[in-house]
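Both complexes shown next keep subunit A, but they swap its partner, so subunit B is in the first and subunit C is in the second.
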Partner chain A sequence: MEFIGYFGAVFEPAAFGLLLVGTIGGLILGATPGLSPTMAVALLIPFTFQLAPAHGLILLGAAYTSTVAGGAVSAILLKIPGAPANIATTLDGHEMAKQGRGAEALQLSFLASAVGGVFGVLLLIFLTPVLARWALAFGPSHLFWLAILGVTVIGSLDSRSVVKGLLSGCIGLWLATIGFDDIMGAQRFIFHPALGGGINIIAALIGLFAIPQVLNMFAKGRQPLGGEVIKVQPHSLGASMRELFRRPRALSIGTMTGSIIGLIPGVGGQIAGLVAYDQARKFSSERDKFGTGHSEGVIAAESANNAMVGPSLVPLLTLSIPGSPTAAVLLGGLLIHGIFPGPDLFNNYPDVAWTFINSMLIGQILMCIFGLYIAGLAARVAQVPQSVMAAVVLGLAVFGSYSVQSSMGDVYVMAALGVMMFFLERFGFSAAPLVLGLILGPIAEANFIQGSMIANATDGLAVYFFSGTLNIVLIATVVLSIVYSAWMEIRTRRFIEKQEAMA
Partner chain B sequence: MSRLQHVIPSGIVALVGLWVAYISYTAQPAEAFLFPRLISTVFVVLSLWTFGKACLGWSRVGQGLSREMLVNLVPGLLVALVYIFWAARTVGFYTSTTVAFFILLSLYDPAPHSEVRSWIRRIIITAGFMAVMYGLFAQLLRVYTPREVFF
Partner chain C sequence: MRKLLAGAAMALMAVTGAASAQGYPDRPIMMMVSYGAGGATDFQARIVTMTAGNEDALGMPIAIINKPGAGGRVGWNWFATQAEADGYTLAAYNVPHFIAQSIKGGVQYSADSFEPIANWGADPAVFVVAADSPFNSMADVVAYAKENPGKLTFSGAGLFVGHHIAALQIEKAAGVKMSYIPTKGGGAAAMKAVIAGDVMAGVNNLSDAFRAREAGSIKILGVADLERSSFLPDVPTMKEQGLDVDNSSVNYRGIMVPKGTPQAVIDKLAEKVPEMFRNKRVQSKMKAGGSPILVMNRDEVKAMWAARQKTLEKLLAGL
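Take a look at the complex of A and B:
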């Protein structure tokens, strides 16, 4: 119950002000189609340099939480999900809006998000210290395999092609080796002066997540806005609350599914929302109503995608392995303040860790309160033409990456990586494993070198890295994740071929 | 999507992989390249696998690039590249951002170019955006950008 002692820090004026800014800004950004939570958090990192570490993390955490929930606004009122996590919300949410129940759908989505989100953060609070204590027993070989696991799980689960996902992870691991070697001081792959200090993680994150989105908006041309905002009729909040708790099955299925999926690295909010929606329909006595504007659909999808936010940070805070692209961006936010997450985080920086986690708990409640009132404004922002959004994001990316170290080199790296990622994504490569490779590369290398030194002085490399229960479990998980994803890919391909043959 | 569309990017990735492996296995001191050797071996295997699949026409993942998409993309991409790699440093951050923002807005705004109102709206949006950027970066974050050509 150590976390209770740090609640006061969240209510300090500066911290609470940032929590409000992050929450309101996140809700508006989340409602904007094309601005993913990961990109929103990446673009916010430069604004946290001059803040205290805890304050910077409060801003990023609040933005993460509320962008996921804010995506429901455009999903319900425009039938355009603000983020992939809100895809399932459109199925019933937009139908409700078309029937004149838009306000009810919005209220249910924010209330369900808050319930799911609070449960997810509570899981983070109670699970993290236990796992962190357990992680103290990890040696260099285990940490090396964990870093590799982080890349392979996301590489295989997050991509439509296992090989291309793993290859993206490899590119990221290679990019992480650019610069001077830590032990020998040797130059590695420095083919431009801008790369002398290695690739700056923040500039790379901005480039990899923001620039492909900008170029995708350009590629659509002078496109008018697809959807039309549906007018919202007033609806009693009390009635929505009663409706929410009249549907405990959908709420609990969404919350539990989201929490469990959040703990699995690489799976993400999109899967959480869709799986919860599907499960809620299967277990519902009114399953025929799903897809026609049924409240259970909105409740299950929205409680799931916010419930996964807290648990998705557990691997990051305990093992320094980001479980999702957004967690990887948050890791970047920690690293710029010299804070390295992992088993020692709660011993070395308990104030930062607990203030951040507590702020996410308070943030869920603020997100619900403000979400209900600014949904109308957020929906109007969601109608901003893509041309404006593309130009705004490009400007923010350039200024943000420059402000990291006042270096044009970082701007060039940001742009080069972003353009490269846009073209790679068009051919099935994925940004998430590349980012994880870039972030986990130094962790993997440091532990590999350290492990090699221990191995050379003891039983040799093979025994050190491939024996012991924990090593074997981690290696087996790496192999299993790859085999499972390859099997799923083959099954999907066969299904598509069968469908094509039948058509 | 044509086979060639998969062959070209996977071929480029395979070449990069081979180059990384070559450097990793030949550069000195060897101890500094121990980890890059490990990665580059996997990198080469996976990239050659992907390239082989593309050559055989087995690659299916990805949407590829259509002619219409490229026509839409190229003007914006060129403006963005000139802005980032030349104008930002030569003309100054704020001046070049103002110009690039306005050009991009004009290129991709769905509002008709023949309407005076739409041009006024674009000017107002550009001015508003630059005011916010100046407030955030120059005043709030105190970021010192390269010297401007006009001030």
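Take a look at the complex of A and C:
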């Protein structure tokens, strides 16, 4: 309970001002496609040179928290996830927006983010020593099985046909192999110099989601009655709150999944939202409504990606190992002031460490308040004419993919993938499974190769990948996930056949 | 903001063309780091350039831009082939990384593509084991590896980087076979593998290992350098432990420009940049962050590059 004593420091005028700046700035940066949380934090590092250590960290923590949540804005209104963490939010969130329920979706997403986020930070406060041991438990074999668990989601994600879902997943897996392989030292499919570093995930994300949207907008031209005109009906905050607490299952699945996955170094928040979305669907009684603008989808995805924020800092704060790119940037923010994270952090610098964590807790709530205010403004976004919107989104797409690593190559990759996706969508393929393949491919591959190198030097492949409690639990989950999906598929088919027979 | 500035600076550069050396620099300078934001190179590059705008330094700020990918190859390829050689585009170098990569081929640069300006830091590779490991010295490690050829697993950040070079040198010096496990995700992932017990040992950066030892999670068994480090006065070098490992794997970081940069600009940079590295504020920030400093002038760096080229060619020839 030591942390309560340090709440005062958060509310000092300078600290609270920075918290406000970080939160509002973070929401805006997060809503801009291409500006991922990692980059937002990296952009702010130079400003912290001049600040006191605690103040600098407040700014960084607030920006981290709110960029993750801010990504939901573009995911819902434009179907462009601001960062990989927001991919799952597009699935139901954008459908809701198309039905005129954009304000409701945004309100739900910020409320769910706040619940998940506060829970995640509380975990960080109370369970850090226990969680640190957990974070280390995942070795190469476990991460491999975890990635395979993610692959089982691909077929059923946002696609009417399992085969097409798997096929787009495979395209994603192939795209992931492009580039220089750090482990074997091989160069693969580098048919253009821009591909030397592989396909950048942020650039791919922007291309795959934003470009088809832009092309669709242009394709419809100036017709006022074009297919996708988004109207945003006002929605009362009270109703959203009631809706949120009517869905305790989606909320708790999202929060738990996000917390656990956020903890694992190297996997990070990229897949937390997607796994939570899939789990929430499997456990839901209204399974069929997912993907059609169902509130549970938004709640699960957004509570998961903010729940991941707190636990993702556990390996950094206790073991001095940054578990995610964003944590690596935060480490720089600590080192610049000569603060070494580690088990003694809370004894040596309690004022800095606790003020930082408390500010993240307050930041979650501020993020929610400002987010809800933005939700109220969403209607304005929808009043922008389509032709103008298309130009703005295209501009943001180019800017976003260029800014990731100041490289025109990424812009070409973004454009090429976007045009490809535009045509693929015409044939019923969708972007989400493709991106999931792109994210999971490298995790599965690197860990499999590393695992097999270790296994060959020690006990052999079979022992290494198939023994140990954690391996067996993960394998069982993979098998259950496949069996369950197959069983559901068969049951729906029988049900349809029966109905057809009766009719 | 920095990226925007850098972008604007680049656009400006294209318009104005090559600048004359007189009055150089008259606009902000860009410096490319070929690793991601938050990495050790990026972190140190931002610190050592933070006083560039002072009157006694260059008088113009230096903006960092990151071009990460493929272990640095993406950034250095870009720097060798596309960067303007007008003195307004600098890059950070990592030796032995870029020299080893150019020897192994598949890249568009070699040590001759660049002109060194000055060196700011030297981060030796160290051999680490988890805190609860039975190994307490390099002798223990070598004895185990001799009894169990190929069974001792040890991690490091990728191939043909300082860690890998140190690993090769240790194996060669001890005459043993061990299993080097390269990780994706840099030194942090390699360190995690050691602490979590995924591998039995590892090669890592002295600065990161120093922090992990402070945190109580690892033991440091040896430093792959000619002398002990001031950060770790109690840790013996490899040589002291009977392993013939020199400083070839030490990760030297510094600033370079593309070949073809006007000589007057190079001279000006070579004069001012080492002074900038010696700035008191820079030194104190570097020390606070646990980053070992080693300022070398242009001629010293030139000699170091040439020496590295020779030893690495020999070491990598058999691979």
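Following the convention adopted for this analysis, the second predicted complex is superposed on the first by the 271 of 503 C-alpha atoms of A that agree within 3 Å, B and C clash if a C-alpha of one lies under 4 Å from a C-alpha of the other, contacts with A are read in each partner's own complex, and residues count from 1 in each chain.
Assume a residue touches a chain if its C-beta (ideal position, glycine included) is under 8 Å from a C-beta of that chain, and two chains touch if they have at least 3 such contacts.
The shown structure was predicted, so the numbers you read here are calculated from the model rather than taken from an experiment.
In the superposition on chain A, A:F49 makes contact with both subunit B and subunit C.
Shared-chain residue A:P13: touches no atom of subunit B or subunit C.
After overlaying the two complexes on the shared chain, residue contacts for A:G238 are found with neither subunit B nor subunit C. With both structures placed on the common chain, the touch criterion links A:I183 to subunit B and to subunit C.
Contacts of A:S406 after superposition: both subunit B and subunit C are touched.
Of the residues of subunit A, those at positions 46, 49, 183-184, 402-403, 406 touch subunit B in one of the two structures and subunit C in the other. Residues 46-47, 49-50, 159-161, 163-164, 166-167, 170-171, 173-174, 177, 181, 183-184, 186, 188-189, 214-215, 217-225, 385-388, 390-392, 394-396, 398-399, 402-403, 406, 408, 411-412, 415, 419, 423-429, 444-445, 448-449, 452, 493 of subunit A touch subunit B in their complex. For subunit A in complex with subunit C, the touching residues are 38-39, 42-43, 45-46, 49, 136-140, 179-180, 182-185, 187, 193, 196-198, 200, 265-266, 315, 318-323, 325-326, 328-332, 335-338, 340-344, 402-403, 405-407, 442, 446, 450, 453-454, 456-458. If you check the complex, the residues on subunit B that touch subunit A are 5-6, 9-10, 13, 16-17, 20, 23, 27-29, 31-36, 38-40, 42-43, 46-47, 49-50, 53, 59-65, 68-73, 75-77, 80-81, 83-85, 88-89, 93, 97, 100-101, 104-105, 107-111, 125, 129, 133, 136-137, 141-146. Residue ranges on subunit C touching subunit A, taken from their complex, read 1-3, 6-7, 36-39, 42-43, 46-47, 50, 65-71, 73-74, 77-78, 104, 106, 150-153, 158-160, 179, 181-185, 188-189, 191-193, 195-199, 211-212, 214-217, 285, 287-290.
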